[in-house]
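Each of the two complexes below includes subunit A, the first together with subunit B, the second together with subunit C.
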Partner chain A sequence: MQKSVIRRKKLSIGSFKLTKTDVSGWLLMLPFVILLIYLYILPTIRGVLWSFFEMKGYNVGEFIGLENYRIVLQDTSFLVTLKNTILYVFWSFVIGYLPPIILAVMLNEISVGKSFFRFTVYFPKMAPAIAISMLWYYLFYPNESGLLNMVLGFFGMEPSKWLQNSSMTIALIQVSETWRGMGAMTLLYFSTLQGINRDLYEASMLDGAGLWHRFKSITLPHLFPFMLINAVRQVIEVFQIMEQPFAMTGGGPNGASMSLGLAGYRYAFQFFKVGNALALNVIQFVMLMGLTIIYFKVKSKIDDDV
Partner chain B sequence: MSKNKANGMILDVERRQPKIKLVYMFIYAVLILVSITILLPIIWILLSSLKDTKEFLQVPPTLLPKNWDFGKFIDVWHKSAIDTAYLSTIILVSGEVICSIVLNGLVGYALSRLKPKGSKLVFICILWLMMIPHNLSMVPKFISFIGLGLADSYLPFWMMAGCNLFHVLLFKDFFDTIPKALIEAARIDGCSELGIFMKIVLPLSKPIVMTNAIFTFTGGWGEFLFPYLMIKDTAMQPIAIKLFTLKEVLPVDEYMVALILAIVPPLLVFCFLQKYVLDGMEAGGVKE
Partner chain C sequence: MKRKLSFVLAMVILALCFTGCGSNNDVAENGETVIYVGGCPVKEQAPELWEQFEAQRLGFMEKYPEIKVIGDEYNYSMDTYLSKAAANQLPTIYYLPFTEVDKVMEAGYVADVTEYMEKYGYMESMRSDVLEKATRDGKVWMVPIKTYYLGMTANKEVLAQAGMLDEDGYVVWPKTFDELGQMAGEIKAKTGIPGFVMPTMKNVGGWHFMNIAWSYGATFMEKQGEQWVATFNSPECAEALQFVKDLQWKYNALSDNLFIDFAEGRKMIATNQGAFHFAVLDDNLFKPLVMQNGMDRNSIAMGKIPAGPEGQYGLLGGSMMAISSTATPAQIDACFKWLDYVGNGPKMSDEEKQVYEQSILDRLEIGMPVLPKNCFNVWKSGEKVEAQDAILAKYTDMDERNLEDYYDTEGMIIKAEEPICCQELYIILDSCIQEVISNKDADVNALLAKAANDFQVNYLDNVK
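What follows is the complex of A and B.
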């Protein structure tokens, strides 16, 4: 009875009718929606808009068309930075893409010690990222007291310069990133594996299929969509890398680990050329939007299949 | 399905085959090796922190510190004002946790249960905004915060915590599982929607609230770049920034102490509440 009383209270504006639930629903969402506009939508629009203006400090000056873009693109370091950023993505795949998948598959096989290993792999992800960067900065300490040089010394090898060696810097930063983020990815794959119906394996075994065959014909096809999604997501994430080189190398040695994100940061907050920073960010944004669209295409295709 | 039972390709009947035993040995060898690579660096900074600078830089290096100088923890704590940094971080993070639970939770509730006309648009917005690159919005966001006079304030961070898209989705998914009848009953009793959320939905949602609180806590504890730009008052700087600035100031062995002091609180949270973290992590992963 009373339920219908509540439902009957309606606000109507012309032919557009709002129930009480609609009104209270929007009221509850109001603070969030305001924040969503203020923190996400507005800054993105402003970022694009202001990249066409001359920025005086943090104030908007005159419209200068593509001048900011010209400055950024003609800077000799642009291509190097772009190449570095692609290298970050490349190394993040070489070093970090397969281990979580392999670990998850292994973790799924065992029963004794499972919680211990789940705990340990996820462990570094809980610590502040900056602390992990600093930790690795000291592991890579270029004289003999760094942990890694201690290990090399133990095997009678010469100490390495690690991060100071410009051809290794990006790969090593990705080693530290893999160390930190591997556990989280492992658990994601692990929970995906939990969804496989065990009867499939049983049927497969009765057909005489060995472990490798079961992995190839059941496990891998089940994981594949998630592997695809995660690959795209990893490209999007690593392409924006900024804090790690900022903390570990400052972009050095000699710009060897400078990423697009860090270059944008330096334009904005070290050289105070906000217009240039925004132009660079827009360039990066456009490149990534392509990937984001691919991400949604892939994801909606997979969601349809599942 | 129990998470601690093996659920893999190897079936129970095969357990005793010698070939399978080899596979198991290989798996354990790899997992133990990975655990060592993860734990070794942590143990190393613990040991290094107890050495003095001379010993840290000594050639050949020592494995164990010569004298176990635990007094150094207290020295560094006082000398580097870690207590102030802890306190600022706790204020910063507590605000973030409250804002995150209330604001994101409300939206999750509205999207899950009330579904007001047009809320689908908000939902689609959230999905898209989660994926678009955030580098671009950083500088304009910074400028508008400064314009509002919010430098040296925690308010921007509380606002950002109250608008965490990922957490909204986690909340929504959880609220989808709460029985409709409970909410209807409260509505018939004349409870307002806010009242229903506070008195009925939140108390029923302890797991997701805990997961949210823990992730917000550890996230806030480690937040670096934006606080680094916004908070210039040293007394207000959270621990992550302290850690970055101390690198230039402290000798390396004392820096290791600071590093440990920064890492310990979130790790303690993880040790005691790991069930919520790991379950939340996996639940989030499936839905993403």
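What follows is the complex of A and C.
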């Protein structure tokens, strides 16, 4: 009976069929769909189109084909910048991938003061940006008055130049970025852990399983799908890194921490070469699109498995 | 009911999303010409400044009832300019530093004001070298209102700690770069405070380095036929860069912190963490030093950048007023009336003298230093400059002897920025400076060869 009612009220547009319930849902989504198109899809399409034109500010000039792409790809620093961007991704995994998982597992295991620790973990995300930048400024200050150098001094070691050492710059920027972003990721992992049936842990404990065995046999398999998705998300996010090198090193020393995102910012806002910035962003977009496709493939495989 | 509710909710959200879209260049309301004036102080942050602006605004509208002035808090910033311009949200008239003039003109966001410059007497009264900065293809695109040259500031407290003031307590200015290096090194050796603050980031290092390089005889580019060619891979520029390297490795005069931008450089001087630093004598110096960090105005001394083998240079800088390219002729005319009213025009009637005097009193009220006289004016010397100087002399709260060396421009070569791709050049030079300061073994010649090639391939070859 219910089925026949729904069938009678279906609205067909070609092969696309809408029920009365669908209409209500779509209507509610309409503003967001419009905004999505207006704020994301249209600018993206426009950006791709404009990258083939000579731009004066945001005024479109004559069609110049691939000229903007030639300028960007022939830039003598392009390959170095691309390599740096990949290094950002690499260091973000080495430094930043495991800590949120470890913290989430620890949070999940403790029974006293859980709320306090959850707040503490999330605190860096809430702290004012200025305070955080001051904190890292004094931590990495490259003489004896720097906080980290004081620690080195305590152990009788020479002060380090930290961010000024070009071989360490990207890794250290990722340390600060991990510290700042870790809280949010920890809470996401934590919420996944909270979804695991506690009976499984209790049963395994009755069977005599230790902490490591419980982690390996219960926690990890449940976390793994989220870990995989988060890995892809992290690549996409870090590939666009801009603010941190801009604020901490300006891309230096001597270009050692320059990223594609920062190069795009320079083209657009420091040089007003919007066409070049768009071409670089399209190149970045294509690379990220490839990664996004991988992301969705991974996600759908995981969804199927689950 | 549910569907109706969904529809209403959808429409409300849509309406909210598009609320606020609009232009900042309304032409008229009830026959009035409306202009939006940028740089209006934020009431909550600076109530005294806001009140001063409001008094000017109301006084102007009383004099010109057909014009309505609306204060706009926008001040030029690299991050927001393009977006504001594209959305037609720029004020009708706003401040712009000299360094940004070319980019903005090229992007087409400023109005041709040649006709009004003639009409209001700017063309005949303004110094030709200043006017040239606002002129392209025979047309004037902006209104220069302030100008200066890059000099060198000194923190007298730090110099006093190092025992390096003369017997009257004034700065003995280094005449050559070698003297500067030695003095700066000695200051650091005696006090532990960097003797010289060398910026390295966000284009500022390159901007300051130009002055040193010119003094050593370096050139940065020249036009050969239709093509611009980078010329700074030269022994002269290498000598200049070697001086910067020596500041760190020979004289040991610099800060341990490599990453110094415009704000950090000024903060270091203001908080007694640096002795000498290139700067200009205007509010860009006073605001961070005196207003934000509470430095005693009479601890600030100002002199010239030392001379190199090929002369003593100071980079010409300043600020202009830009008028939006979407402004109507009536709005442009109203903007020029506003400029005249607030004392930025070429005339100096009794009324304008009063407005200028009031502006000086306003400065004193909020604690902003008042100079003893104009140093480097946009106007050819004449009645206006004399009238302003008389008012300044009456109210100054600074010791003129601290500024004598800067005021004396005899023998100085005050040079405008390079003709094209300045910001791109400064960024490339920033990198060279970072490398020579952070790496004792940096090869100056190799760095300049790479930098000149990068500048040529990445920028000059793409100039049409």
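Here, the second predicted complex is superposed on the first by the 259 of 306 C-alpha atoms of A that agree within 3 Å, B and C clash if a C-alpha of one lies under 4 Å from a C-alpha of the other, contacts with A are read in each partner's own complex, and residues count from 1 in each chain.
We take it that a residue touches a chain if its C-beta (ideal position, glycine included) is under 8 Å from a C-beta of that chain, and two chains touch if they have at least 3 such contacts.
Note that the coordinates shown come from a computational prediction; the quantities given were computed from them, not determined experimentally.
Peer 1: Touching A:143 in the superposition: subunit B (first), subunit C (second), both, neither?
Peer 2: After superposing on A, A:143 lies in contact with both subunit B and subunit C.
Peer 1: Taking the superposition on A as described, I'd like to know which of subunit B and subunit C A:31 touches: first, second, both or neither.
Peer 2: both
Peer 1: So, A:244: does it touch subunit B (first), subunit C (second), both, or neither?
Peer 2: Neither subunit B nor subunit C is touched by A:244.
Peer 1: Scan A:274 for contacts with subunit B and subunit C and give back first, second, both or neither.
Peer 2: Touch status of A:274: both partners.
Peer 1: Does subunit B (first) or subunit C (second) touch A:75, or do both, or does neither?
Peer 2: After superposition on chain A, A:75 lies in contact with subunit C alone.
Peer 1: With both complexes overlaid on chain A, does A:266 touch subunit B (first), subunit C (second), both or neither?
Peer 2: Second partner only, subunit C.
Peer 1: Under the stated touch criterion, which partner chain does A:58 make contact with: subunit B (first), subunit C (second), both, or neither?
Peer 2: A:58: touches subunit B and subunit C.
Peer 1: Tell me which touches more residues of subunit A here: subunit C or subunit B.
Peer 2: The larger set of subunit A residues in touch belongs to B.
Peer 1: Could you say whether A:23 touches subunit B, subunit C, both of them, or neither, answering first, second, both or neither?
Peer 2: After superposition on chain A, A:23 lies in contact with both partners, subunit B and subunit C.
Peer 1: Which subunit A residues contact subunit B in one complex and subunit C in the other?
Peer 2: Common interface on subunit A, subunit B vs subunit C: 23-25, 27-28, 31-32, 35, 58, 141, 143, 268-269, 274.
Peer 1: Please name which positions on subunit B make contact with subunit A in the complex.
Peer 2: Counting only subunit B, the residues touching subunit A are 1, 3-11, 13-14, 20, 23-24, 27-28, 30-31, 34-35, 37-42, 44-45, 48, 56-61, 103-104, 106-107, 109-111, 114-119, 122, 125-126, 129, 131-144, 146-147, 159-160, 162-163, 168, 184, 187-188, 192-194, 197, 218, 221-225, 229, 239-240, 243-244, 247, 252, 255-256, 259, 262-263, 266-267, 269-270, 274, 277-278, 281-283, 285-286, 288.
Peer 1: Can you tell me which positions in subunit C touch subunit A when the two form their complex?
Peer 2: Those residues of subunit C that touch subunit A are 2-3, 6-7, 9-10, 13-14, 17, 78-79, 81-82, 85-86, 103-104, 106-109, 200-203, 256-259, 261, 423-424, 427, 430-432, 434-435, 438, 453-454, 457-458, 462.
Peer 1: Within their complex, state which residues of subunit A touch subunit B.
Peer 2: 2-3, 6, 18, 21-29, 31-33, 35-36, 38-44, 46-48, 50, 58, 102-103, 105-111, 113-124, 126-131, 134-136, 138-139, 141, 143-145, 147, 150, 153, 179, 183-184, 187-188, 190-196, 198, 201-202, 205, 211, 214-215, 218-219, 236, 239-240, 242-243, 246-247, 260-261, 264-265, 268-269, 274, 277-278, 281-282, 284-285, 288-289, 292, 295-296
Peer 1: Please output the residues of subunit A touching subunit C within their complex, sorted ascending.
Peer 2: 20, 23-25, 27-28, 30-32, 34-35, 56-59, 71, 74-77, 141-143, 161, 163-164, 166, 248-250, 252-255, 266, 268-272, 274
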